[in-house]
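In the two assemblies presented below, chain A is common to both, partnered first by chain B and then by chain C.
On to the complex of A and B.
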């Protein structure tokens, strides 16, 4: 211990400094290694396995290690894959946009208009949906929207409906919103709360209207958080299996359903892996684009 | 500087407790725990001895069916469930030897299982085949090279299941109704290529619906694809029940009594029929898995399932009902559950399921003969994504 103390006054004593550095390194390793090992064991290794499997083949329902490109050429040339890809991408993008637009007024109110105590309570309420598992929430949504369900029963006396949402892209998007909306509101709220109040006050003092303040001061200042929230919505919706199956009726199927179908119908894990790898690449591309958009330099605007 | 270094020394104090010696102590404690766990293994192994592992369609491990067997043999039936023959083949091919003792499969897959030596030859004398309806005493698909590989437990017919408040009995006399305007956006599909494409192949006029030429296959593709505007969705087993009940689907081709009988019991206005072009027969039968270490118990289970009591209980399985081939099972069903026997058309004094069979419009479901399973599957995938 006394050695360590003395180094503080003698930074040039190299052997002791390196011991301090080693300590610091050990410290970092102690706290940093477990998550790293976890990620290696349960993400990187399986990911490598997934990529390797795209080159395997299936012989009479048995997986056989191989080095074939057949799975890639098959999937990339399959019409149903292209349809599903375009459809999934479009729906996930739509969900990100809708979730962002619907969430913004709520997040704005939470961040700027409410007493801290009320805000804490409502933020807590936004966490409550996560208490129940997601498939259960989707199943109950299915009951809500069934032709004789609660929603149509409520619309009927008003002379409206019946609305038919199940087994359609609308159903899928509603399911995606069930999944993403609470999270997007939360992320947007935190983003807006971090906008310096002084900026908003300055805008008001300079005679800037409320809408203009939102568009030119608040949104640009909270840009990173808003973009991250939308990206999260996209990522979650893009890979979701439950909503398109139970609310969308697989009509048409999304990429995640395609993965399940390939496994179900012919034990075709290699083809399913190809779809999965393409999905991962897509998400990496979308994430990098969105992060570039979030952190990139803002265009010089007057 | 001083402040920061102080903090780091503090953390060092935190770090040091986990030096190598402590770590080894922890590891040995873990190893000890593992050893204690290991000593508990013989007990588990004993329990394992009394477990019959069954690979089956959903519901066959239901106490309503297996309880008398479990009580008689002091064992437990553990069911691993699958939907569709291909997942079953995958599980049979990929599970470690000894995972399953009995497999319940559809007739069309028995040949494949036998050829891959995944199931054992059986002695016909061990089972009450003489009590079966004559049509099922020597059921073709279960015999490979004159040897029996599987015992028929249940069967049913596939045609169209429909809501009676949307379609009339007259409407569903032909598969043509599937294209009817009344079903626009209301035609559900069971998400498995084989039964649906089989029924449509019959509509196309193929005498052997699964043994079709390349041109007929092309035509079948077109027939299937032309149904797309009618489609309401592609359902799992359980979803079919809820979609017919809530009316999202007004009709589903390629299914039959197995879907509607339970719903009728609950008052849902549904019915099933075999249109004039014909229907497909599905079957469920049990085989002994070659790698099983409990073959005597497996044999006893299949004996129970084919006995009158097992048959009668199996017919009204809570997950879905089915016809049974054992005539003595019919007797028992009529005696104990007359209403259910009537709903299943398992009576001797009225037109029954065997009369329908004798009409010659029922075709045994097969896997594709001239094309590969994969080709049919790919058409189905394409259809779904249109």
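On to the complex of A and C.
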């Protein structure tokens, strides 16, 4: 009986679905193509160009198309590059860790302890820093920490200080935190808000106090969001140029400082491109590792 | 076991709960004895779940007192109490394996690893889920999750188990099986079960005593049969189901009987000792649907009402016959299929609804 019906409806149904598919394709092309073209023109092509340029050479300060591995061997064997790589990786990792730890109490309060209206207001306040451009914020941070700045002025009457964090790794990390903290708090807040309330209550019901519940239930439940927040902090800090320049004093240099140096001294774009490509590959590796960590572990099989 | 503990185990004493401006529980008082199976039953929003949550310590009463063995526990944190809860949606930890879920409470109580694994496995064995120990909870069916949730709660060997709509997420077939399993567990363990449900069939099938709630208040407390046979008010009589409610005017009929006359017809019922009913008072007469017989002719014995068959509903081996009296009042009769198979019951057919005088009882109108 069902056979008869399906043979009856099938011929009349298939033209309808194929024309529906065509409509859907046209719709997708209309809305999907412009951003695709944009990405192709301003991301994929320059990226390809960047990779190609790593094989070019510079002859008497002039960029010349070439097919040499000289830039790669030079950079990979350069001691200053290896030092800068380890240093940048370490500072970005430290920033991700510090930002995650500092943000968590705030995110916890936002997600669990506040009324929805207060939470909305504070989430809005966390977006406000993004209204001003980031270099401006770093400038003001520089003024804050300068020898005659607010912080030292406040510490002086107490017989403390002066503290000098400018032109040091500490300064760079503070700059990185200025950049990443609001975002990490936001991402963590959203991650924690998605933790089912009943799981928290179930933990309480089974004998977990507040702190134990955070460690045994809330953090594991929000794992993906927390890892994503930390990864974001790492990615932003790893590639940042402004904080190490103005607060870190570019000594020792981070990779982004190194890129600028390569270009400025000797106009060596190909070497700068090598550093840039290595940075991109590093970020891809870090992100894949972190996401595997976040989603993986249990339930390898779907 | 603990003979030093006298009196009721748990006392809910004039407890109220407000959330902002809304009153979730208006005033609730009842006691629970050790080893009892209590069902809190009522429509959604009646305050039964809030009451359970206050027993678990997940909500704090706004007024009144909750006492455990005579000690006030209003302010005790949930993690200081010994009343594990089985959640409606199970609330299993998705990032832990089944056995880690079952061990969870024992771990918080600092039971050594080997001992808690052994205990967890025993409970999983008992509930028939030992084979899933290392699986993730998202790989289990609803019924299996339910058992994990039960094992997780019972592994603590509590003196009281709380259940929040434990069967509502299961399919009907599984529900009946789980129902009898809960009853069996309760009998074997001898601990107190407090179960929230909106289904009177669940409550009546499992509980020793049922607390019926509506709009934040207790409507009636009693054994299932007691409530079913004698509802204390109109809400209970209607909520419990299977009752016919006839409104009418009372008049004395002598011999300790009252006569009720109304749109449904007229019937006799025993005069209640409390409250006194005067002649001419408006009353409601309640007659259980399964106490009414259907006959094709009058016999002159008991109450007899002329009616017409509206429709017939057969579920399994029992049938519900919907009748309409001459005065347009609906009347339902529940019989086993076997009892009515020789009575023709076509829609529109004239029949006699008959019940013994003793079967009816009064509610204030």
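The rule is short, and it goes like this: the second predicted complex is superposed on the first by the 284 of 302 C-alpha atoms of A that agree within 3 Å, B and C clash if a C-alpha of one lies under 4 Å from a C-alpha of the other, contacts with A are read in each partner's own complex, and residues count from 1 in each chain.
Please note the rule applied: a residue touches a chain if its C-beta (ideal position, glycine included) is under 8 Å from a C-beta of that chain, and two chains touch if they have at least 3 such contacts.
Note that the coordinates shown come from a computational prediction; the quantities given were computed from them, not determined experimentally.
Student: Look at where chain B and chain C land on chain A after superposing the complexes, then choose clash or fit.
Tutor: When both complexes are placed onto chain A, chain B and chain C end up side by side without any clash.
Student: Check whether A:149 is in contact with chain B, with chain C, with both or with neither, and answer first, second, both or neither.
Tutor: Touch partner of A:149: chain B, not chain C.
Student: Can you tell me whether chain B or chain C touches more residues on chain A?
Tutor: Of chain B and chain C, more residues of chain A lie in contact with B.
Student: Examine A:253 and indicate which partner it touches, taking first as chain B and second as chain C; both and neither are also allowed.
Tutor: A:253: touches chain B, not chain C.
Student: Put chain A at the vertex: what angle do the Cα centres of chain B and chain C make there, to the nearest 10 degrees?
Tutor: 160
Student: Does the superposition put A:209 against chain B (first), chain C (second), both, or neither?
Tutor: Only chain C; A:209 stays clear of chain B.
Student: Considering only touches as defined above, state whether A:113 meets chain B (first), chain C (second), both or neither.
Tutor: Once the two structures are laid over each other on A, A:113 reaches no partner at all.
Student: In the superposition on the shared chain, how near does any CA atom of chain B get to one of chain C? Answer in angstrom.
Tutor: Between chain B and chain C, the shortest C-alpha distance works out to 26 Å.
Student: So chain A touches chain B in one structure and chain C in the other; where do those two contact lists coincide?
Tutor: none
Student: What residues on chain B touch chain A, complex-wise?
Tutor: 1-2, 5, 8-9, 11-12, 15, 18, 83-84, 86-87, 89-90, 93-94, 112, 116, 191, 193, 231-236, 239, 242-243, 246-248, 373-374, 377-378, 380-382, 384-386
Student: State the interface residues of chain C toward chain A in the complex, per the touch definition above.
Tutor: 56-58, 77-79, 83-85, 87, 89, 91, 93-97, 104-105, 108-109, 136, 138, 152, 156
Student: Where on chain A is chain B touching in the complex?
Tutor: Counting only chain A, the residues touching chain B are 1, 4, 8, 20, 23-24, 26-27, 30, 60-63, 78-81, 83-84, 87, 142, 146-149, 164, 166-167, 245-246, 248-253, 258, 261-267.
Student: Which residues, counting only chain A, touch chain C once they are in their complex?
Tutor: On the chain A side, the touching residues are 196, 198-199, 201-209, 212, 216-217, 220-221, 223, 298-299.
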